[in-house]
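Which chain is which? They are A, B, C and D, in the order written, and residues in each are numbered from 1.
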């Protein structure tokens, strides 16, 4: 705000980060609704046990989506450590990214119920690819010409951050292609990708986690 | 608080903003439940694909509501950059506005399922009109006689802020009228309105985004 | 924390307030799920309109619960302006209160569907009475002997705060009694009570809203 | 972040705590969806009353899970009073813990519907055991060699904190074993365990609640 208006001290990106964290926290917690409580005749113990086991694709989808939303949250968190201020375009790009994050519970639920069908795998992976591209656009816009980032950031850090985001998107794109060869291989790949981000990164020394 | 009570330093509108952001973040993320996971016989691949495509009005409603709640969030965010303190009346007006925001997932879900019916379009647009009017009332109350805003704010900024809110409400009102002429035109208009707020505004230089 | 441990500067009640605000914001936004999207044959326009109108008790329940949760939020907010620190017992009393708040969407949904039955009214009002008593216990514990409140608070402010909470609980208790005479009168009363808190209070000058 | 980049002042664990609080607040509030609104013919008063009473196992599960998530929240809160900074591994361990917290509404709902069956009790208790172990791992990682905790923390505080977490997990493990002897005893035990944490602890003087 124009200082002459006598406003509050500028908190720059604080409220954007808080709002984003809210959407992340809610989307990640809503994933549990992708697993429907079984309906069984209440005294049939074997049937309940059987149905709880039969939900295993739902548990896996829940875990995979929890992990990938965690990855996006950590990435977003690190990115906003480098972004010093926001503007209308950044807000909209960030909200487009958040819209993708908020959409994730839907393909997760579809994958948990119909994981044996290619269309469910494609929908899931395509959602993650689009989410990754949206996050990349937030970063590319903020970092281009050091528009909204701290001036001291090195180009190498900008490139590492971009690379980490796009590599994830590529892997999910590859999982789509793989689904035309083997559904099982594709499913295993999409479950594994988030763990790639568990590894230490060359970006870590540059960022306060 | 009366300083003589020895209370914490006043944080004025901070908790109101945090609570509002919570409601915004939750309402925007709950929109995804407007899209129901299809129920199909689990080995019928073509049927699942068909049903996922058939949900397209739901995807559009989700996107339209995500965009308009984003608009309200950005507007609310900017407004509270100009508001210096709150009182009981402001809290209630703000909560009335938040009640409208929290209601949005319901007409969104109705529009996604029954977008081919005029009543669904009217319910949706009327909800947004009422939400816009509620936000206008928050602003009108706070800005009247510079009651709760920073004293340095110019009347021009007050008028621009009011205008931007009311113009959006007018457009949705027009979409209602249009639905009596052409449902398709009305649906296209209501999808388009949020993008009006993507354009830079003459209010931007006055406000810290 | 013991200062000798070299911990962070104490933020006393900040995280309790943030967590409480989260529960308030979520519970108030989840109320919308008490209104189920109608299921109609998709080309029967008159039927959809009819069903949307028939949901009016649900809309009223939504509004009434939004208003009363707002009242609890404002009251809790004001109370924690007077509370200077917390301890294990306060955390548990506060969480017992939040459990009641989180429960409210259930009786709200029951009231919206079965508002013509006494048991729905009793369940709803009893929930609010218990919630009010829980909030009173938080305050009574914190204020007793000025245990956890700012030392400068006058006994008069303590009594006004207690009174405002208990009067609300009494009114809902009266609505239960009234339901045995007239369901309609009881329903009207429970819709009206939150608006009592719209009125300015003698506590306002003592508290930073 | 590397100071030479000119970044914001480091807020270390603040955003992790905020995100965690979001997940806690959402998971705890979503528990209410484990209690389904009864469906009855709308003019049959006795039937509604009967069905509302018949939901009592759901009310108990709701209360038990609200209490145990409160316990985890208070424990997490106290733990992060002792943790001074985070790194990638801590973020992942913390997110694994949060995934368990976010999962809790599912076994809660199953227990509320099928509490008379051993498999529901085992699923519920096993979830809490795994959640407790995950929280223990967060703490064990942060405290090992005082890696991420304040240097002044005594080994005794580290041991008390570990002990309190593991004792809870042991109790739920015992409830599983007990379910093979008596379902009723097991159910009573699992309802009682959270109240163990109501008692004052020898850790309290060392931690700012």
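For the reader, a short list of remarks on this structure follows.
What we mean here is this: a residue touches a chain if its C-beta (ideal position, glycine included) is under 8 Å from a C-beta of that chain, and two chains touch if they have at least 3 such contacts.
Only a predicted model underlies this, so the values are computations on that prediction, with no experimental measurement involved.
Two copies of one chain, chain A and chain B, touch each other, and the residues they use overlap weakly: the shared fraction of interface numbers falls below half.
The greatest centre-to-centre distance from chain D, using averaged C-alpha positions, is reached by B.
Between the two copies, chain A and chain D, the C-alpha superposition involves a rotation of 90 degrees in steps of 5.
For the pair chain A and chain B, the distance between mean C-alpha positions equals 24 Å.
Averaging Cα coordinates per chain places chain B and chain D 34 Å apart. Shared interface positions of chain B, defined as residues touching 2 or more other chains, are 18, 22, 26, 30, 33.
All chain pairs that touch, listed by label, are A-B, A-D, B-C, C-D. On chain D, the positions that touch chain A within their shared complex are 1-2, 4-8, 10-12, 15, 18-19, 22-23, 26-27, 30, 33-34, 86-88, 90-92, 95, 98-99, 102-103, 105-106, 109-110, 113-114, 116-120, 123. Remark: chain A residues 17-18, 21-22, 24-26, 28-33, 35, 37-38, 40, 42-43, 45, 48-49, 52, 62-63, 66-67, 70, 73-74, 77, 81-82, 84, 150-154, 157, 198, 200-201, 204-209 touch chain D in the complex.
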